[in-house]
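Below are structures written as structure tokens.
What follows is chain A paired twice: with chain B in the first complex and chain C in the second.
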Partner chain A sequence: MKCVLEGNGVKVFGKAVQALSRIGEDLWLDPMVKGLALRSVNAAHSAYACFLFSPMFFQHYSLGSGSEPARETIKCKLVIKSVLPLFRCLTAIERNVERCQITISTPTDRVVIQFFCKYGITKTYSLRFQESEALQAEFASHLCPNVLKAPARLLSDMVLHFPVSLEEITLSATPLRFTLRNYHEAGNDHMKTMYTEMSLHPDEFDFFQVGADSDVTFCLKELRGFLSFAESHCLPVSVHFAAAGKPVCFSMEDMVLEATVLLATLMDSENTGPSQPVGPPVPTSPRCADVAALPVVSHEGNSRESQNAPAVMELIPSSQGSPMINPPALRHLLSTADDPHGPDVPDEASAMATPASTMICSLLFRALASEQDDDGCDVSLPVLACYSDTEDEMEGDYTRSPSLLISQRRLNLPSPGVNTWDSARKRLF
Partner chain B sequence: MVAKCCGFDFSGNESFKTTECTMPLSTQSQADDEKYVLVASLDNARNLSNILKAITFKDHAIFNATPNGLKVTVEDSKCLQANAFIQAEIFQEYTIKEDVVGFQVNLTVLLDCLSIFGGSTLPGVSTALRMCYRGYGYPLTLFLEEGGVVTVCKINTQEPEEPIDFEFCSSNVINKVILQSESLKEPFSELDMSSEVLQITMSPSQPYFRLSTFGNSGNAHYDFPKDSDMMELFRCTKTQTNRYKMSLMKPSTKALALSCKVSVRTDSRGFLSLQYLVRNDDGQICFVEYYCCPDEEVE
Partner chain C sequence: MKFRGKIIDVSCLNHFTRVVTTISKLTKLCVLRLTPDHLFFVLSGKVANGGVSMWCELSQANFFDEYQMEGVSSEDNEICLEVTPENLSRALKTVQNAKSVKVKLTKKHCPCLTIAAELPTLSSISRVVTHDVPVNVIPRRLWHEFKEPSMPDFDVSIYLPPLKTMKSVVDRMKNLSNFLVIEANLNGQMNLKIETDLVSVTTHFKDLGNPPWGEDASQEDSASQSRDPETMAEARVDIRRLQQFLMGQQVNPSKAMCNIVCQRVVHLILLHEDVSLQYFIPAVA
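Presenting the complex of A and B:
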């Protein structure tokens, strides 16, 4: 295989390599008649990405190289660590590189990437590859009941609000609303987490079809690279998903390239009710390992593993290392927040009937502490964060709840310590 | 190795080196001036510290002062030598009472002293330097002033070692190129550090001038054609390929970063000479050169 990229194409290709490096450690190069596919999958087979560049993307694209006729094309696997440095500094590439030629040389087991730069300077990299079966994930996107399409910018902006360290995110969709929130489960140490939730009205999307209400939880880290690529390309992103446990597919395409990211989702993403006993945290290795694995077909992978998500998973501690609060209290708080009439299984997605505008809501545990003391939660909740701006407002309450209080507009909490919605929002963003 | 700092003067008098100055330290140094075999002054100490940073890969440096100027040498494992040349004309004052004045100091300590005022990059604010040496057995005395504040540093000196003579002479040079540093900066910063050697190929025919690395993931070659705009001089008579230990080549990256032009020469033994043309803050020219022994000869 031999292909030549020019000018901006090199930068786009580099960006794809960067996005793929966020997924797995290996990069599969699969030259086909319909184009060159770059693929990667993570170790747990819970994330898969594919960038397919059509022959039109290249200045020159041919299977077989020169002396060799185009026989069955070679599929090679490279270590991403050896390819990434070549495309690490995209601004330098934009400045200096005029042309890039990629050749797969079978006799020497090498992929040769040549950069023809300004002033006649040539950079030639000869990388070892392993011959491998093609890696391909099967996903019937046409069978998904839920399909959304949004500008990449919209999704990037939403994701921006979640901490960079956040591993998993829950996407909830009903015909009336789309919500992203960080994934959490009842557990001893889940008080260390900051919860963030963002909702969008269907009007914000280019296309919004939710055939079946669903909550899917997947790994966010692996998606970020793809979103960054889509944003730089200014292309809309399509999201196909179904029920929890089935993979979610993010894709984008234009005339010359198609990019897809398939992420496995947790089998059971429903939050437990307040009566759920808090068991000991189940030690887990990478969280995403426990999700239903993607049906990835590959030479070496195991496919079709389905595991149940453990009841309790390790949570990401907040940067402040906030002390823990008795989980049942939290469960209680949240449920009361959503439904003043009594504890219930909180499903934040349905609990909020929001106005048709973006609503950002961050709930910190102590938010409603003043309401709860009567309900029998006699846990003395420690201070989580002090909001110096409003110390005056809170003076009266200082001994009881000197903590950062943020509330949703509809809760109308009477406590004088509660900040107004606007000031809370300004504080955060 | 001790740098002793003493004396703070807040007279606010900016002109540190003129004789009209009323600062007590300066008056004292006037009397001592007669005793110094070497006095070198700079309005901007960065003109010295920047160029010294380009050769700081080892702690110790050999200073060799002649009426022509100052030469500072740093060596590593008898295979690598770096020299920085600061001509007498660069200094605002340069007085030497002997033909040759030599001593050895801890270069790291010297650089710390030169930037004792924090190395501010505000325009118009610079540290003035007056470097004085009384001779064998005496410390190197630095008077540093910025904004009216004076610091005196005394750095212990040692018996200077004899720098290695790499016996690199122009008549023995087989291949020579002069490149604009801009074109080399990127390849050098990207060099695959997992490669043990940096291979330099110079030839009158393709690939003309090539840098190669052999790392864990594969090979990389950087080719510079002889007619490139970046190639100011191309004089190669014979194809030569030499390898140099990567660990020895890496320090030269600092000199490359400062320079605007670099000359690369190899002689019949495969010894490498890199000469860097450095412009200081005031646009004056200084030179840094590196000599390196080949790792092995590859034809």
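Presenting the complex of A and C:
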């Protein structure tokens, strides 16, 4: 892949990297025909962000790199700590950098970022990447009963009233009022915690639809980077959410880029208490860790590697409500999924006895397969977390087309079927 | 016990926020005393804070448009609350552009000082922000600990040099030593001294002027009347306490002075138009 950014584009790109750095430690670079996607997910897999830059954003965008024809696109995983310093000082970039070229060089396993600056100076950064299957979160935003749209400024102003150190925030919406407040947690040293509540009238929003009264609690820290990006772009932000436990989606788009942040929400505020810890303890803050997420992130190779991802295997909404036809492979899986001892179950999942009432979230991940599969999946695949490209034979029954429903049987919540992100989005905007 | 106050004027709100922010820089926890005419932020000198004590007095009429309170009883018409000033400061800082700010004593999950602000918006309906700052009510039997400190029988009283200058001097000195000697005389001269094994540094300030206490304080002590103006009264203090005091100051006061009781205590007084702040730093051997 090779792309060239000019002038202001570099600054925007840099801001996106900064926003992503607030989410997780790794940055996935995913060049696709429809554009370059930058993604990140946090360690607990409870927050996911994606910035998709369309080819029009770049001065030049090609999937092949130089002499190589675009046979197979490479998905790279970089450590954000190595990318962030390049884009840390955006004012300096604005002043000095005229052009930025990003190339993914397969033979050397490196991403080369070159800044062509004033006075003939060229800075070249060569970062080693890990080849990896990309992540993509699935979210049925069109099925969310509650949709809000507001200028980024409004949301930033609201969030300003809360201390920077605040982890979680609760958003409540009724048809008449929109409220943000600290998450009330019992047992805190009451002298230290100040509780803040802020409400807005629906008139302040560009679009306000609350189909179902709901209270969702999510991690605010991860949202701040996104909000600052949106504010610098003066783009309106859309918020999609449903009941507690379902993820909340913040998104914005314009002609050349789309940005999305998906955050998992706490399940039911009355049933507070730690969720059964599964696997190794989550390295993020203890509270956000309670919001266990679905990590079914496929890493290259062994699907069992997913066990390394902490707090694994909570929940995937089933496709039971889906009207879509399942390809044969999927149908097979659906039936095996009913078998409690299906071969695809990692040990942890069966060890998990989480009842639906503990804090769970339903953030979905589907590894991207190759592009044809992607399109194919668009049409036929209603769901969900997938492994793709696994050399593992345990899922030998299904084809490369990814559709593994993990722990579907444990799902007690009836969930609507989900379409892929793209179609969902198209429906909405 | 009831308390309800409302601030409407932007500059009053600003000023009040600045005072609370200054207090928050001086101490993590302090006592807020509310009387019908005044608000006091009090820190009593305990070993835990290194013996420093603070007394900050505000006249409520200068800040609040509306002010109603009902104390613990009619004889003790006062409310005493323990509060974290940083929370108050944070809450106030975010609502600087409010149309009005109400401060009330409420009982939510615990007793709280609720700061409720109405923020202006483009539409007709304003935004409401509420901050609940948790407080502890201080029972009457402990009120004696938070009485107004009496003016010490000082040896020398002198106006302070510009606080910014003093702060930069003290900041540099802090790198060299943990203790600093403040000495001053009735000739308007003040020295800040540090001494270590390797080096001693003194900063001299001249022509500072001495406040004309003469008639009020130390009347009985004829010795101070005839005190040699050149003689320095000195006190050795923990430099961090002095630095903390200087760090918190955001606005230049109308009057800033320092009373020194030889080897006992350094008493710093800052007077603004409607706020007075006194800070006592005990001397160490």
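Operating definition for what follows: the second predicted complex is superposed on the first by the 273 of 429 C-alpha atoms of A that agree within 3 Å, B and C clash if a C-alpha of one lies under 4 Å from a C-alpha of the other, contacts with A are read in each partner's own complex, and residues count from 1 in each chain.
Following the convention adopted for this analysis, contacts are C-beta pairs under 8 Å (C-beta built on N, C-alpha and C of every residue); 3 or more make two chains touch, one makes a residue touch a chain.
Since the structure is predicted, the reported quantities are computational estimates derived from the model, not experimental observations.
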{"item": "Chain A as common anchor, with chain B and chain C clashing or fitting", "value": "fit"}
{"item": "Which superposed partner A:Leu266 touches (first chain B, second chain C, both, neither)", "value": "neither"}
{"item": "Which superposed partner A:Leu160 touches (first chain B, second chain C, both, neither)", "value": "second"}
{"item": "Chain B versus chain C as contact partner of A:Asp203, first or second or both or neither", "value": "second"}
{"item": "Chain B versus chain C as contact partner of A:Asn96, first or second or both or neither", "value": "first"}
{"item": "First, second, both or neither for A:Arg110, with chain B first and chain C second", "value": "first"}
{"item": "Partner chain(s) touched by A:Ile121 [first = chain B, second = chain C, both, neither]", "value": "first"}
{"item": "Touched partner set for A:Tyr195, first chain B, second chain C, both or neither", "value": "second"}
{"item": "Shortest CA-CA distance in Å separating chain B from chain C in the superposed model", "value": "6"}
{"item": "Chain B and chain C contact sites that coincide on chain A, given as residue numbers", "value": "none"}
{"item": "Touching residues (chain side chain A, partner chain C) in the complex", "value": "160-161, 163, 184, 190-201, 203-204"}
{"item": "Chain A to chain B touching residues, read off their complex", "value": "79, 81-82, 85, 92, 96, 110, 119-128"}
{"item": "Partner chain A, residues of chain B touching it in the complex", "value": "183, 186-187, 190, 192, 216-225, 227-230"}
{"item": "Touching residues on chain C, where the partner in the complex is chain A", "value": "29, 82, 84, 87, 90-91, 94-95, 108-110, 112, 121-125, 127-134, 136"}
